[in-house]
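Chain lettering (A, B, C and D) follows the sequence in which the chains are written, and residue indices restart at 1 in each chain.
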Amino acid sequence: MDAIIIQILNGLDKGAAYALIALGLTLVFGTLGVVNFAHGALFMLGAFCAVSFNALLTWPIQPPKAEGQLFAPKAIPFMEHQFGELGAAIVNWSVPLSILIAIPVMLAIGLIMERGLIRHFYKRPHADQILVTFGMAIVVQEIVKKIFGANPIPQSAPDIFNGTANIAAWLGMTDAFIVYPWWRLIYFVFAAAVIGAVFAFLNFTTYGMVVRAGMRDRETVGLLGIDIEKRFTVVFGIAAVVAGLAGVMYTPILPPDYHIGMDFLVLSFVVVVVGGMGSLSGAVLAGFLLGILQSFASMNEVKSIFPGIDQIIIYLIAVIILLTMPRGLMGRAGVMED
Amino acid sequence: MSTQNMVLNVADVSKSFGGLKALSDVDLQIEEGTVHAIIGPNGAGKSTLLNVCIGRITPDTGHVIFDGEVLDSHQPHEINQLGVSRVFQTPEIFADLSLLDNVMIPAFARRDGAFRFNAIQAVSGQADIREEAEAVLRDVGLHEQRHALAGSLSRGDKRRLEMGMCLIQRPKLLLLDEPTAGMSRHDTNMTIDLLKRLKQRGMTKVIIEHDMHVVFSLADRISVLAQGRIIAEGSPEEVRADPKVKEAYLGESEQ
Amino acid sequence: MNFDKMNRRGFLTRSAALGAGLAVPTIFTSASRAQDYCNMPKGDSVVFGFNVPQTGAYADEGADELRAYQLAVKHLNGEGDGGLLSTFTSKALKGSGVLGKKVAFVTGDTQTKSDAARDSAKRMIEKEGAIMITGGSSSGVAVAVQGLCNEMGIIFMAGLTHSNDTTGKDKKRYGFRHFFNAYMSGQALGPVLAEEYGTERRAYHLTADYTWGWTQEESIINATENLGWETVSAVRTPLGAGDFSQYITPVLNSGADVLVLNHYGKDMVNSLTQAVQFGLRDKQVNGKDFQIVVPLFSRLMAQGAGKNIEGILGTTNWNWSLQDDASQAFVKSFGEEYGFPPSQAAHTCYVQTLLYADACERAGTFAAPEVIKMLEGFEFDGMGNGPTLYRAEDHQCFKKALVVRGNDDKQSEYDLLKIVKEVDRETLTYDPSIFGGELGPNDGKSC
Amino acid sequence: MFANLSRNDWLLFLGFSLVVLISPWTLTPFGAGYPALLQKFCIFGIFALGFNILFGLTGYLSFGHAAFLGVGSYAAVWSFKLFTMNVVPSVIFGIAAAGLFAVVIGFISLRRSGIYFSILTLAFAQMSYNLAYSVLTPITNGETGLQLTLNDPRIIDNAFAAPGAGLPQTNLFGIDMSGYPGFYFCAGALIICFFLTMRIFRSPFGMMLRAIKSNQNRMRYTGFNTKPYLLTAFVISGMYAGLAGSLMAATDPLAGAERMQWTASGEVVLMTILGGVGTLVGPVLGAGVIKYFENIFSSFNEGTLHATFAFLPDGLETVAVKLAGLFVGDGWHLTLGVIFMLIVIFLPGGIMEGIARLAKLAGVKRKSSRAELSAGSAQPAE
């Protein structure tokens, strides 16, 4: 029983991560009709916003090398050197703080990308879009590798979020042992908040409603004299920010390296397609579904019945859903079917 | 009318989309060798009726019987192989291929059936089919442009091309969904001429049309569809005289 | 930039420099047959092929290997401070190249994929005339390239490969490994685990689901069960899973009090980080503190795991903090060249290059069968691991191994591992027959 | 079978064959004239040719084609292990196994179209890869890859001759399949495949596939059952992949799971688009370019760069080496990414469009290349 509750919790958490990544992808596809293979790279760039911010804060102040010493002694982080205790505290909170950096940076990257490149590919075949965004993903990735190396760079969550929350106590189960890491709970809440914010933006603001109308019928909205193109640019920027924030907050869970975006790319596409192309709620639903099923498939009890099921569960579910529901969970007809 | 020379028999067909009843209890008999026009105001269910005939839509109730065969569970390609071809309202052609290819492909369907793995011969070696295609292109007046891409044609030309694609199959029944919509007067007249020539060849045709000039110059019989029902049927003269039709349709359109 | 031109020039200059007469295809003329053996060096240089991961997850490790190789070539050619040449017990090498020929090298990218690794090895052999191939950062690649080299009659000096199979069931006459293996890790680590954590422990294994993971899991289970430990469960995880949380959560309620992570590289960094996040190290089970063990360590991976690795036990082949003369000499010449200390991958690659060169020098020829004879059963010292034997039966080096602990009191950025114990060679020696395999004949091949 | 090809097609075919057969000489100045790479050119050329029959003609984008390549490889290596080192049975097994696998996957995946089809194929390939890596290790030998061993049964070979001491070589009735003979074997296969592909392109069958890509609805209402057409194309292209896989095993008897990974499937998509979707020669060119970069650019190191720029003055040389170093050696991926972007932005039709434009510029109006291009249709499908 405890094991099942933990796996449900874990599935929700995983699902939140998948949904958050898939959300941006769907947003771009739904509004611009562009298949963005560079979405993973945006996630990676977000993670490296956190890395760079931390690197800046901890810029090493090198104590002088003693005579006869081959390697310099351990450096003191810049912030600590300059501001003592307060500085150390800021360094400690660098991951959440880097959100403040990531939002403008990712927005800028998104806008530049859309204006400079994606815009010219609206009318081009999807194959071209895939190739050009994939090429860009490789370029971005290689540049990051040149700067930061290929090794993962660990980022830690603020100290007070280290350790685990005692879920059993919350649920009033006295003899059960259910704990869950604080940071993962925070990631879940954060993801839910971001997803909620995007939905609220699209559903409850006039700006968002026009965008949504544009997703369904771009020409008509264009005829109404609204500059829908400009709004789509903004939407691309938002998608980039969403991907970037997902990346920032993920760094304490998975030490980021230059390749982390590619690792998520295929998965996020599967999530989007299972959800149904162009459906935001479908993407979120599929994210949670796949996350929970993946958690369950990894349980020893399940694996002993179906060996290797945890390796393929995501793809197996994708196949089953696509065969029973032609357009995924909530896809619209005619989108990317020809 | 005897049932032997009934090419198409639509019996009690109903179809709803959600709450909207597109067709209710439609009965329609098409006699061999005639041109049968279906007219009616927008949203009367004309295109739905054709869609049912080619297997694009399965009716909720009722049957479509073509040439003695009940079409209920037939796939669109099977229905076509039985001898039903259709010209669509928005031209359905192979835009990336040449006009010649566009017309040769249906000829292959007629000759080779629904599937044949013919990777041995070359298209260029199929002289008979090519000649036939060129003849059809001449018929529809597009022979000059036969090497151009179909996507580059004007809307009227696309429609004539599509007509050619149907004609080369020599269908027993040709369904035409507004063949002259959006055409210039000149193109419309050319199309009427073409259809008249076809009439002499004795091909059965069902034609949906808004342009009454076209309808009355071609049709042997006319059915009037309004709100998913057949409200009148008869020769052009009978229909023209029918007060119900005037009320439902002609009155407004002849203003 | 004009790639075409640059490219072409590069090749012209290089083939001129190497003097390798391979530019003209030798289809029917069989110029190669006329040679005594494959890629016999002509002219005044001999070409080594360094096949390391330059892209993918192990790119940093590969870069470090390449640095070590370049350093080794310098030392062989008499440049720099000579490095380990001065401490190596065999004095055949004089810093004047090998057999009077200057050492040149070519490089390739294994991408940590068997296919790509074999492709680049083939390129270096067929086109660039490499006499020996060395490198790699994963057992799958090592076994694949070793097989290829064996077919082509080229000696393969394995880089970092830890699976028992490399010199076990997949051993080859033309393949040699200096690095230690999973069995040795188990033997070295076992007693220390018993000493530190007691003999009544219940272990839970998370194992990377491929051959290296399985051999390590098997070796560690054997070693710990001999001590009296119980194995609660051994769970296989997909390679590159990224998020291991769904595999870690069942550990919480399993009744286990030790978690063994049979992961390497990125998988290790991720699973360890996440296991720590799930509070495993703060947990008490069966009245004991919960422990995590990572049987195979590397300094580069420790860097990726950050604070999480502090206090965790594991093994390595070599670490730069060793105080013997040879290790110090190597750290000094590597550190002066590059500004930071070498990794264990760099060390093993450097040593392999020297060992090969030395064997050629002693054999008096580059002909593989003779060189193999010199390497088989070769006993030496002064390479940083104490007295070492290249065993003839399986081409595995027997030498001491290190049990280390993640350092919580770092003196420098690179001071990540603290040596707990140096385990002597006798403890680690085993009967070659336990892993099966066959070396195959020592016959000369002409490409 | 040989009739009905136009004179231009014969010229194209003969020219193609000639270029392939003399490539050991012509490619040597570019550093690519060695057997292993030449074999790879042919093998991936075949893979891309086959992929193009599906993607180029029908517009169905399979993202899991590498699975067939992997299956072909495994089948071929098993043929070496169980029966004989002769490559002919292994190639037959490889093609048959991949074909069967393609029938199953195609039958299921072709129930959907567009991106849903792509994801279905991707899912099947990824499942194959993950299982081959782990649970199926008894069949695939997991991460290490399936290899020959000394105690393989090899029943046919051993029935005729006592096994030698070492591992036997793959052979074609006694001719060793490593080195240049191996290349000529692959080249022969490539030329045959090219010929077959050309036949398909020019045949009514190929015409129907193009028509499906152009307007599948119209095909249905024109009396064609598109499903068997698509499935046939899918299986043919799976068999090409199986052939490529078994040739990989024939020239180098090892089969690894990573051949089936999505990145490998992605690679053949990129090769095809890079060369020119729907063109005859394009995919082979694309395969060549990508393999060339992978093998040659990655082999540059600082030493070779210094030698290259030695003619420059010292300061400039350092700068040049630094700059070029970004793009070669471990930076070859960067070069590849940049090339993808440049090609898609400036030459949407791939390399073949570039060639056509050059030909136009030069005022050369070769009919064959025009026919080639129009046959391919400038628009790649989704």
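Criterion: a residue touches a chain if its C-beta (ideal position, glycine included) is under 8 Å from a C-beta of that chain, and two chains touch if they have at least 3 such contacts.
Here is each chain with its UniProt name: A, D = Branched-chain amino acid ABC transporter permease; B = ATP-binding cassette domain-containing protein; C = ABC transporter substrate-binding protein.
From a predicted model like this one, the values you see are computed outputs, not experimental measurements.
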Going from chain B to chain C via touching chains takes a minimum number of steps equal to 2
If you tally the C-beta contacts for C-D and for A-C, which one comes out higher?
-> C-D
Farthest-lying chain, centroid of Cα atoms versus that of chain D = B
Quick one: most central chain, C-alpha centroids?
-> D
In whole angstrom, the CA-centroid distance of chain A from chain D equals 34
Chain centres from averaged Cα atoms put chain A and chain C apart, in whole Å, by 35
Centre to centre, by mean C-alpha position, how many angstrom separate chain A and chain B?
-> 52
Residues of chain D that touch two or more other chains: which are they?
-> 130, 133-134, 333, 379
In chain C, what residues contact two or more other chains?
-> 59, 63, 209, 236, 238
Residues of chain A that touch two or more other chains sit at 311
Drawing the touching chains as a network, do you get a line, a ring, a star, a complete graph or other?
-> other
If you go through all the chains, which pairs of them touch?
-> A-C, A-D, B-D, C-D
Residues on chain D engaged by chain B in the complex (per definition of touch) = 1, 3-6, 199-200, 202-208, 210-211, 213-215, 217-226, 228-229, 232, 374, 377, 379
Would you pull the chain A residues touching chain D in the complex into a rising list?
-> 35, 120, 124-128, 130-132, 134-139, 141-143, 146, 266, 269-270, 273-274, 277, 307-308, 311-312, 315-316, 318-319, 322-323, 326-328, 336-338
Please name which positions on chain A make contact with chain C in the complex.
-> 2-3, 6-7, 10-11, 13-14, 17, 70-75, 145, 149-154, 156, 162-164, 177, 179-181, 183-184, 252-255, 257, 259-260, 263-264, 294-295, 298-300, 303, 310-311
For chain C, which residues are in contact with chain D within the complex?
-> 1, 3, 6-14, 17, 22-27, 54-55, 59, 62-63, 66, 105-109, 113-116, 118-120, 122-124, 126-128, 138-140, 143-144, 147-148, 150-152, 165, 170, 173, 209-212, 236, 238-239, 438, 440-441, 443, 447
Taking the complex as given, what residues does chain C use to touch chain A?
-> 56-60, 63, 209, 233, 235-238, 240, 242-243, 245-247, 249-250, 252-253, 266, 269-270, 273-274, 277-279, 282, 300-301, 303-308, 331-332, 335-336, 339-341, 410-415
